[in-house]
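Input: structures, listed below.
After this come two complexes, each holding chain A, first together with chain B and then together with chain C.
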Partner chain A sequence: MTGKTAPARRTPARRRAATRRPRFAIAVTVLFFALLYLPVGVVVLFSFNARKSLTVFDGASLRWYRAFFRDDLLLDSLGMSLQVSFVAMAGSLLLGVALALGLVRNRGRLGSLAGLVMLVPLITPEIVTGVAAMLLFKGTGIPLSTTTVMLAEITFSISYVTVILRSRIAALNPETEEAAMDLGATRRQALRLVTLPALLPSILASAVLIFALVFDDFVLAYFTTGVDPQPLSVRIYSAIRFGVQPTINAVGTLMLAGSIALIALALAIPRLFGRRGGLDLLSGE
Partner chain B sequence: MATTDDRPAIPDTRPSTPAPSKPVRRDTRLWTWLLLPGTLWMTGFLVASLVLVATLAFGTTDPLGNPRFGLNTDNFAALAEPAYRTVLLRSLGYALITCVICLAIAYPVAYAIALRGGRFKNLLIAAIVIPFFANYLVRMYGWSVVLSDDGPLLKALRALGIADAGTRILQTGPGVIAGLVYGFVVFMIIPLYAAMERMDTSLIEAGRDLYGGPLRTFFFVTVPATRQGAAAGCVLVFLPAMGDFVSAQLMGGPDQIMIGNLIQDKFFQGQNWPLGSALTMLLMAVLFLGLLGYLRRARQDEAEAVR
Partner chain C sequence: MPAHPAVRLDHVGKQYDRTGAFAVRDLELDITPGEFFSLLGPSGCGKTTLLRMIGGFVDPTEGSVLLDGEDVTGLPPNKRNVNTVFQSYALFDHLSLADNVAFGLKRKGVARAEIRERVGAMLDLVQLGHLADRKPATLSGGQRQRVALARALVNRPQVLLLDEPLAALDLALRRRMQVELKQIQREIGITFVFVTHDQDEALTMSDRVAVMNQGRIEQCGTPEDVYERPTSTFTASFMGTSNLVPGTYRAGAVHLDEGPALPVGPRAGLADGTRVNLSIRPEKIWLSDFEPDMAQTTGTVRETVYSGPTTTYLIDLAPGITVSVLEQNTVRSRREDRWSGGEQVDLAWKPEHCLVLD
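Showing the complex of A and B:
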């Protein structure tokens, strides 16, 4: 939750003088990047394999992509995952934006309580939230289905929306809102006409981010999904566990491409609006 | 997070008769209304469900395997059995080793990018972060292919003469740890990178001026200056590593199962929800202790910084 990092009075010349070429660090970094991308590269490469082998590449073909688009079970899963991501995105934005606004502005007891509750998903491992959500649904007699996955994903995503937007809202100049009210706007109008438009880039960016996170989420979906349909992540999990079909490489490649596009979009949105800073993904938390 | 108190510095001596609320204060109800839906939702789903887990941990199963609420500590007594203790200790060990390896990777990488990245800094960090947003399972599956017996890594190591024909990575403890490291190392790199960006590089210069070698300067200047980032990274890696069950499943065998696998088993195959809940509470307790230790350290650091 650090703001921007200020590269104070560090000129390139000074920095060069300070550190000689750290050969070891650079070597580790190169090796790290190689190992980081190797698994991704393997999945992409073998998704185009003409043979069924996962270790020998034997000519390029699109047969596994064709196989995926003919597989009704996987297509159903894709549909469900898209549906869940969309609903979770909308739901968590609605609740999360309101919560973030309230948290920044309400400094009473309710505010600090809400701030505490909101932190719970961030410090709880997913398996715990997953088990807990499953028990809650089973305990209240709600059959596990697409709806339960949606409910669980909304709950989990609210925290992300709130964390991202909270720092943005705190960084807004409260005087613009006060100016609007001095000019006769009610607080609600000021919120709608001044604050929300100023937050739009961050809201859009977190929407894209949540969509990608929910679409790729496995653990929570695994504990809260019914039998049919199952989210794509859960299908991939069963496929990996019980003998890999190369189709999974094709699905994996499509998912990789999708998430990378979405994350790049989330990072680019604030820039498209011509403002600095949107998601603090890159400056750490 | 610094909570700057921006309320006016008026002592809290209210007049005996309640003053008519000023127009500015009138509308604060709006903020309360904005807070309520999200807070209620989170309490209703998350807090309630966690309370349910805690309660069920004291329950039992009836002969049909259905969970029954109760008030006995059998489940916790069962956790003290050697079989469970081994798994818990193993999970702790794996998670701690994962933290250490992540530190060993993240320090050079963050150092190289923060100090030598130049104008490619943001691009390089994005190149690290973006793959981590890709599907966790697909990444782990790709990693398991890389580590497999006739995968590219072992082939390369064999060609270099480092590994022989019988060397395996999958189905071993190091394999599981490799999975955890690959899964979560980004959570170490980002806070460390942020800490290095904040660090005053003239400190390193000073270390060098005082005739510290590169290694000494690193351990006596860079590491202390960035230890808060390292501590945050350790927490961020330890939390998910401790609860992970995918890595042990894909990279390990029956002798490498972790507490996450036990929990999963109790809820899916074993159908012993109360015992599964007790395991979940145990996991939470371990993580909570770790978190508490971290917060205490962080507070001490802060106090020292103020002094």
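Showing the complex of A and C:
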């Protein structure tokens, strides 16, 4: 067969084959998303169930939401979780941004060592961090309470902030800060008036990320919390041990909605600042 | 005549701790108030380090920096009455143009009404008044460059430092900005210290040029001085194209190792038998219409490069010795008049146009 005639004869069939939908790939994708989201979907659906059953859906109602808002124990836990998330966010931002600035600017041996040590919490199994934190508090005689949860969560979150901010700071033009000093700013003014505003999108993005991570953190919270109040994740876990109440479905659905809102916010931040393209939460770029 | 130079560098040097290498070495320089002074040299010659010493971003390891007679060595940048236009412009992206320009005045605590007035006038001077509310990201390269200039000039510094401010612009824009910069400098009369590696730029704009090499000043003078009368082989080769022909000086001529002697006229203070480089600019060699006082030799045309208004001939004088000769195309205006290669030609030059460099 010569090369000249072959393409002409094959073209119509080939073209159809090439544009045919890749069925297998679509099937795998659908299966993937089904396995990922079906359980979540069930929780959302049954949070609106009119009956107490967790297997039979029998008409929509807001009964379990009402039950949740009457449950003082759960509401206290929600309040505590919000409080812990907020404090952990603020604390880890303050320390994490400062650490990232220090790491980028100190390129000496000490700086690179600190940069490596900073990454350790990210790879340490959380249960180890949790047990270690608990032992530390017990050993030093600090009673477990809301404060200990906050301290543990701040420690745990610093690394995330630092990882995100470090790459962002390294990408800044060092001449910008010099320009500020050249124009009469002190070192501190240059940081406040030029560097921090340039980092604001990344700072806000990490704030949202930390808030979400801490809010639904279970392991660390479980090991470091006192008895009353307990963080929401720990409270839900204890509740489930005595049989699943549909109220938990309502709580889960509300948490899900909150998380989605936060993620949407995080994605919208770079656009609010007029940057093109999305923001990669992990690299901060 | 003011009592003090605008900038005096008194035996300054910068040695790096780690390698012990000098970026700048035992350098002395006075810059006169109101002059456009260029620091010219290849990358790594220390010109930017020198500029950063004046700005306060690099502390000299020896010597001192004086601004208008006052020793400012060791003072941070915000305590010096100089401003810098950075190579990257370093604009504040989160601020509008007006706020960028107002930054320095706000730090000084200038009254708000005066800030508005001075910022407006300065933006008008750089022809960006109509864009005052825009953010830097929306500007073109040339506009960003002008904002950086306005942001520095609005503070009325004693000295304006410019670190290759035109390097990022394309050729046509660079030419236009060269003229604009020079005009602005003349209008406001501030001393400009301009760092560049582009010798055309330095020649076009400067009142004086310092040619730098390996942390030292090779030669300092007017553009004409350093171009026409280079005192070292480095300056001659760095300032534009120059033919550098190695040989031995003897009795008013440079004798090539293999080939003819090239008459250069008697040179006082140069002993016979000294190894030298004969330096002559391509446009100073003639190929026709010789005058009686000219020195002559012959060569073989190797190649002809036509480039619009001029033609460059590469001519072999001896094995391994090629000189380039630049001729206006008014001399041989038609293509068939020009040589194409292989022809024997006569070359001539005026002895005073050759330089004999050690």
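Note that the second predicted complex is superposed on the first by the 253 of 285 C-alpha atoms of A that agree within 3 Å, B and C clash if a C-alpha of one lies under 4 Å from a C-alpha of the other, contacts with A are read in each partner's own complex, and residues count from 1 in each chain.
The rule we apply is simple: a residue touches a chain if its C-beta (ideal position, glycine included) is under 8 Å from a C-beta of that chain, and two chains touch if they have at least 3 such contacts.
Predicted, not measured: the structure shown is a model, and the values here were computed from it.
By the touch criterion stated above, A:67 is placed in contact with neither chain B nor chain C. Using the contact criterion defined above for the overlaid structures, shared-chain residue A:54 touches chain B, although it does not reach chain C.
Of the two partners, chain B and chain C, it is B that touches more residues of chain A. In the superposition on chain A, no contact is made by A:90 with either chain B or chain C. When the two structures are aligned on the shared chain, A:186 is found in touch with chain B and with chain C. Of the two partner chains, chain C is the only one touched by A:194; chain B is not. In the superposed model, A:176 lies in contact with chain C only, and not with chain B. By the touch criterion stated above, A:82 is placed in contact with neither chain B nor chain C. When the two complexes are superposed on chain A, the residues of chain A that touch both chain B and chain C are 186-187.
The residues of chain A lying in touch with chain C in their complex are 173, 175-176, 178-187, 189, 193-194, 197-198, 200, 274. Residue ranges of chain B in contact with chain A, taken from their complex: 1, 7, 27-28, 30-39, 41-43, 45-50, 52-53, 56, 105, 107-109, 111-113, 115-116, 118, 122, 125-131, 133-139, 141-143, 145-146, 148, 150-153, 182, 190-191, 193-194, 197-198, 200-202, 204-205, 208, 214, 229, 239-240, 242-246, 249-250, 260, 263-264, 267, 273, 276-277, 280, 283-284, 287, 291. On the side of chain C, the complex with chain A involves touching residues 55-57, 76-78, 82-84, 86-88, 90-94, 103-104, 107-108, 135, 137, 151-152, 155.
The touching residues of chain A, counted against chain B in their complex, run 1-2, 5-8, 10, 12, 14-15, 17-22, 24-26, 28-29, 32-33, 35-43, 46, 54-55, 95-96, 98-99, 101-103, 105-108, 110-111, 113-114, 117-118, 120-121, 123-129, 131-136, 139, 151-152, 154-155, 158, 162, 186-188, 191, 212-213, 216, 218, 223, 233, 236-237, 240-241, 244, 248, 251-252, 255-256, 259-260, 262-264, 267, 281-285.
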